[in-house]
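You will see subunit A twice below: alongside subunit B first, and alongside subunit C after that.
The block that comes next holds the complex of A and B.
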């Protein structure tokens, strides 16, 4: 890249070039930059404080042993809480960011040194001053109510979080005078640490980051890890559990002492959060693994991975199938080791993964920004509901089938037959919505599809059709999906939902994977890259785009059908535009046009933060997750539009200029302006 | 636009036939609905009305009801028009839909809520100095909304100049999401009520039967619109804006500071949205964090109806959209026998958007886009 940053410098200057360059410039503090970053940090900290995040997340302990001296909402948790972490992480990040420097190709990076630390400290101190200013203002505003003796605030009126809890949390219950010195110092030191990370050698830095990430994730995912480890332990004690295939995961699961109980007690504190010893253990293990990765194997692992991917596709089949088999096996046995809540979580992730895979075909492959994607989800859900619920509207004529027996039980295989209708209706809806918008400009298309999404929801909601779809009351009593001897899938048993979702996700992944490499997929990608050129190449763009709509719609409708059977009742409020946008965020953050990216995106976002209504692992975040989704979307678009796991081709499209420039610098392309292909100028 | 231009004599495909059918269907439904409406105004018990109303007679719309609908439509339409100006100008200059423009409007309405309540606590809102107080409120709301729009441009959109078309659009969805939820977290999720208006605002002008506040909304909107028209058509900065909309590169060669002009565009659009926000507050007396979403989309529809990039068109589009939204449920859907037609008000707006894009994608008054966007 022509404008790479120091932390991912890919282009090694040749010895000749290095010799040409002057001695490295010693860096000096750019005070303007420090002031700018400090200001941003201060604003960010004040905003986060007032958003209620620190107080709201204070209930969750991350590290048990650090004692900040306050127990605002957390009387027995003595430690670093997620609330404090939501503030303290920013000085570190911005301290790191302030040292970021754009190094032009062929230039040399400035030498890192003491001035970086100084700049980092400056940024943090300014940010800390921002927090102090907030506490000072709150302190001025705070007064004793003469009647009740409680502390009241004048500005409380518009700002809901301008209250005593926040004041106590920010001042560590010692008044704003304490905040005056402690916040600049604390934030300054943290930012200094962030800046200091740049001074470390690459391998050590990686190890430190790995340790920190491991510690934070192990404590955040405490619930899941706890669940899995106990499950594994119990299975070792009692292997007979595995025979209970479709049974309730919590059935016959007495909390026997498992072999891992000691480990869990060693690592986690009883009130939640890591113990000091657990933190050290996990940090050391992670750092050691990371160091082993960078020093002991010396990139051998990476090289073999690269060699594997360099092989032609045909020769990879063996290893690929082994890999896939192992993954599938792991996924199939996983629910046996986890409890109900974890399985519920997996089921939710799966439902959104299906949606995201469908949207990935529409947005990622064909480049059609469909903001009304939730409409297909709704069609799938409502079709299933109408066909399998005795509680559907009473205006349906009798020839519309109802797969419920007379005594109100689900018909065996009824859900599968309903699914056939779901697919048909979803495909028709895809055509109906697709056809009018297919020739519109990309941005008009986005708004019009959004309009369609709303129209469909409003129709389901309306009194006009309430005889069919129940209006605001929705459709309740949807039967579970009965597969006869294979078992019944219902919301009561999340493990069964997980398997159903897994099955359909596998189909969706396979279909997306095959489509991407098919004629159709290549046509979609050509359309995405340049519609006019694609048309000139003989691609029937209209039909191809309609196909994208239909395939996407069918995948979403699968998800809707499963959702319907799982939840047992559906309402128009489950199909807000919000859902479309969250799926879009999942696809974009994961990596548009990349199946792996979409999987990672749904795991990370839906699994950790949660879906529009479904809680994720961080249940405390449910209030803030939409804000985080919005911020993530902006940040990804600005910094990494190709997503976390980029699709190589897509990312080349997005960074076309940089790729060309790089290639030109390395002499790989002839752009025609190096003399021998002079641009012809007509004589005057 | 690859869509609108269809080569003469080209073979019609299935999609073309379907679109033709859709156009005929929608226009036919509108025509039948209107005819049925006229018929049931003349005779509520005609055969078509009985057919669509399960054998019962339809109800006739009285003149005061009709007048009320028109005034409501006009005052809402005026606000849509004001918001639509921002969409239209930004689309004209940058060529992307600023999805978050509705949030600028919401921020204006929210600022108005805070200001008006503080004034109300001081006892100024309902007092004799209402006029200067509301002028100050409008001024502050406008300033805050302008600042929001400018910050938005600086933080989210400027780094994306020259990236693929959909990237800024997706970013603006993120911005919209972010602002909405930031407001929810900072100020709470509930509906925020404006203080009651002074009595004279709630009165109805005797002869014409228009509520004073609705008249106020229309007048303020008209004044702002006139001011904007003067600014864009008669000042140097406005000329620069038009030049940048026409062709950015050539404009910069002519010595125009393109960045500054784009910021001005956002600022002016934000100001209009801010004014619309406070007017919304006075009219409906309540605002929540999601207030901006639907009016935003509708205003975009208004901009498309009037022709994107065309300021007069945006205003006309807003007014016609507002009227259609107010009138269509009772004039089209009710005669066709749809129950609870006002629930489908928003659906009417979206259908109108689809219809306009199908029948006349350049809008009623034609688009004014830069040459590169016409593709």
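The block that comes next holds the complex of A and C.
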């Protein structure tokens, strides 16, 4: 830190006072920090390279017109690929991050300048050197196999991705000597750009970020945009589609040319990726919108948002119900304007949303860490399968109903009747698993639920019960859910699945919302806060926890029943422990104990990254899904443990000190001096 | 006075080899305020934990209104009409002040999952009653726990107000016997004097019988009908404050033996 002298040296100010009074301190390069961030960047780049992401994602073009001239996986490819992007994004991010400083209340931020750019470049250059070091080591290890003439690597065995493809990609097929100067330079310049963003005025920076985000997303989500624009265009050209409410969107109708086909061709290249003209168009539009947005609203949006949250809960009801109504309407209309891919995506998000909402009651509200939640999903799925599939195990006695007609068709309403049994069995399973488990607390409970989750799956997998559940072969030929005149819900028509899931999610949201504001919800919260005290205050903790467990189980079983009807066949492998973990991650990342958080969490994680087996928006990343989940979870726990959309209470729990400090600054904290009640001090 | 509300006979509890309480005999009459004193480690809090069902005694009996309380869970004890506060304030810190008190009425209310889901008139009526009772209980402490404070989390409260809220929470369970564990600890003289007053009112206005552990002798003197001194898990002395405070064994337990006697 550089030191400055103040003009008015009348009295000696304390360091804090001088910082307030002085002109802003010019930032200087903190080489220690640069070295640290540079090291992190180098490690990150090497790790990502060795994870296989750059090579794996090299198939996908992002910008059609930038040509690094190397295509490992895609000889016909052109343009900047997602693989390069997965590396090049990091220098920009860390270049930005190195300039980050915590400005305390009442302190002045340091003035930004050339030193920030220098620091950014330093970080990037160090990171680039890391990549060079990797290529250099690979180059040393690389030799020609005399027999086959192929290039082989010595340490290929432990490091699967230590191979020629990576070497070619990282050296731009020009050898490590090229990497020596090109990577430090490239990464340095990118990091410099990242650092430079700080020097821009707020409005401009927002516009630039909006443009970049828009360009990258439009390019990455190309297939989705194609799908939506095609759907919208078709609906405009052929409004008749709208009358076909629950029908199959591809119901024999010829594909109608979309009015937007021209626009798509203008923006996207034939081989995928944005054309230069498309990039400029999207960048300019996004930047203009951002600028216009900040000019027109001038913080009015933020102000109204703040006004909304400042209102007491009771008075928010009106605005909240309007918001909810609009959202619901949008969700009902939306599927008409999207194609099959998007609807499939929505259906998957919905299935996991339903699960996450159930788990949110168990974990978020009652504080019971249930790691075997998938068990109830499985029970729902298998119960539906047994009742609505002619292909169920042959050992079932004849009195177990089967809602399939003799010609192997679904019985109208059969799924709904099956659902009644599903609820009953899920509740019973919840009680059976819950009763022994619920007396435990904390970590012990988590481990035991984990065990029970696996037991349920292994029972379905076992040879012992294979006459009933088909063992590893599972149950196939599950009938779709036939609602008679309302339509049929089946996997071939994702839109119908979406509506069914929307209906049940609405129920789950309503249930969570009502329970949270009831006597039961308060008891659950008290148990979460302090179980012994809750019990001493007259709450039967065992019953209350069991009830939370069963409510969660029933919601999960709904999801299982829909899953069964959608997929048409279920196997024990659909109910791996991973499913439990992913639902838990959805709840944690979204914001534990908050319904909106859970919705956002499922949209972000399941919608964008994909479920355990379901592809998300970033289909290309599915191989690295768990890596990204893990990284995201670590980052969240460090930076934002309360989740994306936090529950006010949980957020307080995790930021108690800051919360109290804020309250103190606002004068809301009770300092203990009550002048309000006049009491005579007792004579000593 | 009137009839016995709590009768404890030959009660012992051991943790491993340690006798936390030995052959304790203790009784409380309806409408009494009993002060329990004793040096640190005397077994006072264990005594409370045992009455409230958090610790099971090794032998002896606890009769509350003539019925045995041995083996009941803490929530069943509260249900029967004994409520307590904690020495180290244990509020539900992230629930609001009014919720802290509302949740304590759990065992006195009964609307279940279906009426909550369908928001039935009965449910709404019960919620309104719970809320009204909570505000009434909080109003007992003047203005400092009501008004805008109702919707604030308990964690913003000052130490003294947290103690008050704990008492309010215990009151909300509608007990007949209230166990207060060091209610004025950490309060300044003005605040403890006020609370002493309120403890008197808890009996006269709310009809609670009170057992109170307290180190502040001013409070114990001002409010207790009877004082019990515990040391090493045994009753040292019982009687009025003057009797107990002049008892040589009690003085010895607090201050130690005079030097000349030691030899």
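Following the convention adopted for this analysis, the second predicted complex is superposed on the first by the 602 of 684 C-alpha atoms of A that agree within 3 Å, B and C clash if a C-alpha of one lies under 4 Å from a C-alpha of the other, contacts with A are read in each partner's own complex, and residues count from 1 in each chain.
Throughout what follows, a residue touches a chain if its C-beta (ideal position, glycine included) is under 8 Å from a C-beta of that chain, and two chains touch if they have at least 3 such contacts.
None of these values were measured; they are calculated from a predicted model.
Enquirer: I'd like to know which partner A:532 touches here: subunit B for first, subunit C for second, both or neither.
Expert: In the superposition, A:532 touches subunit B and subunit C alike.
Enquirer: Under the stated touch criterion, which partner chain does A:235 make contact with: subunit B (first), subunit C (second), both, or neither?
Expert: In the superposition, A:235 touches no partner, neither subunit B nor subunit C.
Enquirer: Return first, second, both or neither, reflecting whether A:569 touches subunit B, subunit C, both chains, or no partner chain.
Expert: It touches nothing on subunit B or subunit C.
Enquirer: Is A:165 contacted by the first partner subunit B, the second partner subunit C, both or neither?
Expert: It touches nothing on subunit B or subunit C.
Enquirer: Looking at A:551 after the superposition, I want to know if it touches subunit B, subunit C, both of them or none. Which is it: first, second, both, neither?
Expert: In the superposition, A:551 touches subunit C alone.
Enquirer: Going by the contact rule set out at the top, does A:622 touch subunit B (first), subunit C (second), both, or neither?
Expert: In the superposition, A:622 contacts neither subunit B nor subunit C.
Enquirer: For A:217 in the superposed arrangement: first (subunit B), second (subunit C), both or neither?
Expert: neither
Enquirer: Tell me which partner A:520 touches in the superposition: subunit B (first), subunit C (second), both or neither.
Expert: In the superposition, A:520 touches subunit C alone.
Enquirer: Subunit A residues in contact: does subunit B have more, or subunit C?
Expert: After superposition, B is the partner touching more of subunit A.
Enquirer: What is the shared patch of subunit A, the residues that subunit B and subunit C both contact?
Expert: 532, 535, 541, 653
Enquirer: Which positions of subunit C touch subunit A when the two form their complex?
Expert: Residues 52-54, 73-75, 78-79, 83-84, 86, 90, 92-95, 99, 102-104, 106-109, 111-113, 116-117, 119, 123, 126-127, 130, 142-144, 149, 151-153, 155-161, 169-170, 173, 189-194, 196-197, 218, 222.
Enquirer: For a test of understanding, state which residues of subunit A touch subunit C in their complex under the given definition.
Expert: 312-313, 510-511, 514-515, 518-523, 525-526, 529-530, 532-541, 547, 551, 649-650, 652-653, 656, 659-660, 663, 668-672, 674, 676-677, 679-682, 684
Enquirer: What does subunit B use to touch subunit A in their complex?
Expert: Checking each residue of subunit B against subunit A gives 1-3, 13, 15, 18-19, 22, 96-97, 114, 117, 156, 159-160, 163-171, 173-182, 184-188, 293, 297, 300-301, 304, 338-341, 343-344, 346-347, 349-351, 353-354, 357-358, 361, 375.
Enquirer: How about subunit A: which of its residues touch subunit B in the complex?
Expert: Subunit A reaches subunit B through residues 47, 50-53, 157-161, 367, 369, 371, 435-436, 438-444, 446-448, 450-452, 454-455, 458-459, 461-464, 531-532, 535, 541-542, 546, 577, 581, 584-585, 588, 623-624, 626-627, 629-634, 637-638, 641, 653-654.
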